[in-house]
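Read from first to last, the chains carry the letters A, B, C and D; within each, the first residue is number 1.
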């Protein structure tokens, strides 16, 4: 009952880190000298300061892609960016992340993470969409300015250059649609949606292609920081694997 | 269990009929010689033929705005267009329509009906929105092409000139969001949403300003005809006023 | 972004106060010497202490049933108990409360408030149900133990004697079903449901008939205190009447 | 647009078929001489007659558990019963069924199928629950008597002996909660819930343990037959694997 006594939110920003390799044909080092994970982490720290402790992890950086049981047990909210290497993420790690989300860890899927193993596992559908990469202007509108994830955010957010993501988006009916985007080409997209899965809160936010400096955008950074706060459930105890299973109560009532 | 044996769907298209009066400063007779209700009714008949029996009613045409108990009892789906005269609709008629929707009558709210007494009564919220009337192009996208209301409809529907309706739209979380519109000015709107209220199915569809010939548009007509079929529940018995109230079952189980 | 700096939640417990009159044939003074509103208020204070400032109001106590513009403007969360005198609540006060909920005030409807003018206005449906008053045991189960309203609450809550409220409950699809009750007679009821209406959070909780000391029950008190915290939105600015209306943005994007 | 011209609904009832083997320690042949799948299939035929063509398949009966691409392509609605052998269902078959559901095939999960690979894959959560097998009376109440799956069904359905399934049920917020069950022991369960996944309609119905003759119960049979009709989408074209993926539209609007 006393959120004021809880410590800072422990955030892990996961990025496959493929476009960050200097030898990659679509190297993004000029836009993101610290990688997209670095920019995302910096944006969170910018907004939350000491209220967050942020670490990063990438596909190849460490064993288990940096997502060991210990790391996840110490993570309140996990952010996920992936695009070119979804298939390289091990099924074992996906199952582990999945379990932690159901047990109470927050999860924020970013941009092309819509097609990641973990996101489609959480949602149960294709999560496919229409796309076109021509650097179009995206306007991100909020349907509910009172939503905690939209707090303090311009309405609309104007992103000058972005990949277009359009409907139909193959997701289940969202619990909430916080943001709707329109594109210069005329398309529309449910760009900010929430779900509860088990005890975990899930938010998907589509802005953020690797080719454009979207994670430098002040409003995009604010949305992500807000989402971290929203997905964090300091008063909810993480369930053990056993507690996630069925129970067999004796007759009592 | 046998929809094939039920008779045609009985449709009543209600229109306040104010812009149709020749003396009105914004007379629309050149676009709609038979009134908007006439055009809407013609579109339904065009698509459903003998599967629908369509009548129209207007604010001043008959006692009770043409919406007597007898008319409503004989209506499977009621369509509603209103704009300038919401306040002239009697509270008694609103209560009657409300009761019939809860009892099982379908209801389709069109365009500025978002602010009608009956629609806000059914939804419980302001239903306010952003608007701008500059004859902008509207694109109506479907989020779920398999939805019965989207059947056979172009995706997107292109409406060359329309009043802009934009978010935030002050409605409860919809049961389903079938259509999302974008406008030349960049805005977005949840332009096709469904709700169940009691036994009644409610659909709101925003295209359709009086200044533009939107109800002549083939795809708009198809959406409305689809919505009539969707809102019609031939196998659901209309509840009486008494059946809508509380019950007091004796102890039995 | 800093809930810790906001002041205490300002709570108003409204009760029609009819059963509290000594001359009432079903006088409840022995169970509730301070009225049901007194017991509800005491339960909130018991749990929230200085984190809440609680006042009460009744139908006849003051002008406007104690719910003036000033009182509502100073209320973060309003609780409502009514049963015998729903029709005596003035339409003007109902419209005022409705506006404040849409503008951001929390609302908690208790027990027979399901049939109050304000609750049916917010929900848009009959809100009718099945009932039987035989002092049956009610078990209140939570479907989501991680929900903030269920925090620290026994699962199930055991209420030895209660009026039975049963399905079908004539409400729209809830945003969330937090509690489901079963009764000794075998019935079931969605006894704890949430809705968002405009910027306001709405919770309905069915336990609490006037004939049984339900508002003395420790777990019932905890649920209500939790609901107050949940419905309070300290970071959401209350909207003015004008802000609740439509807007007419010039063309910009 | 013309459901009357579509042929009969093609139904496949899948059952792991383990308890049906005479050598099984919990052989159920006296209750279900034709297996549970036989009883379920008979119940559907009893209600739908020539409007349905029903086949059955079991884990070991045929290659791919009888669920080849050809069988699924010719199945409008698949029913699933599993309990002891979830892990024996091949991942390849699960992926194939999953794809067909997203593409438009209806899916009805029965009883212990809550823990099947395909059901948890569709829902994305644990789907765990509380259970106790003491042959308790179950009452199945409908929250919405107008729902097509509840049509013509007693309210409540009384099942004299059943395994108890209780909350919390680890599922996402359902699109609709059609049935709620109470048990003699006092528990409650969301026993009939619907979801849309892609173009497919999913219904889960909990009554039906192998030890009790639940699939002989007239009302249970009617619910299942209703669910088959509801999950069948004759006007929705099954999507190909390619159509389920992302699209890359050229700039057009």
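Convention: a contact is a pair of C-beta atoms (placed from the backbone, for glycine too) under 8 Å apart; a residue touches a chain by one contact, two chains touch by 3 or more.
What you are looking at is a predicted structure, and each value in this text was computed from that prediction instead of being measured.
Peer 1: Taking CA centroids for every chain, report which one is farthest away from subunit A.
Peer 2: Farthest from subunit A by mean C-alpha position: B.
Peer 1: Taking contacts as defined above, which has more of them, C-D or A-D?
Peer 2: A-D
Peer 1: Pick same or different for copies subunit A and subunit B, depending on whether their interface residues overlap by over half.
Peer 2: Looking at both copies, the contact residues mostly coincide.
Peer 1: Find the geometric centre of each of subunit A and subunit D from their Cα atoms only, then give the gap between the two centres in Å, rounded to an integer.
Peer 2: 33
Peer 1: What is the distance, in whole Å, between the centres of subunit C and subunit D, each centre taken as the mean of its C-alpha atoms?
Peer 2: 38
Peer 1: Can you pull out the residues of subunit C that are in contact with at least two other chains?
Peer 2: 139, 144, 156, 166, 173, 175, 186-187, 196, 253, in rising order.
Peer 1: For the complex, give me every residue of subunit D touching subunit A.
Peer 2: Residue list for subunit D touching subunit A: 102, 115, 121-126, 128-132, 134, 166, 170, 172-173, 175, 185-187, 195-198, 244-253.
Peer 1: Along subunit D, where are the residues that touch subunit C in the complex?
Peer 2: For this pair, the touching residues of subunit D are 139, 141-145, 156, 166-169, 173, 176-177, 180-183, 186-188, 190.
Peer 1: How about subunit D: which of its residues touch subunit B in the complex?
Peer 2: Checking each residue of subunit D against subunit B gives 1, 3-4, 104, 139, 144, 146, 148, 151-152, 156, 158, 175, 196, 199, 229, 233, 235-236, 253.
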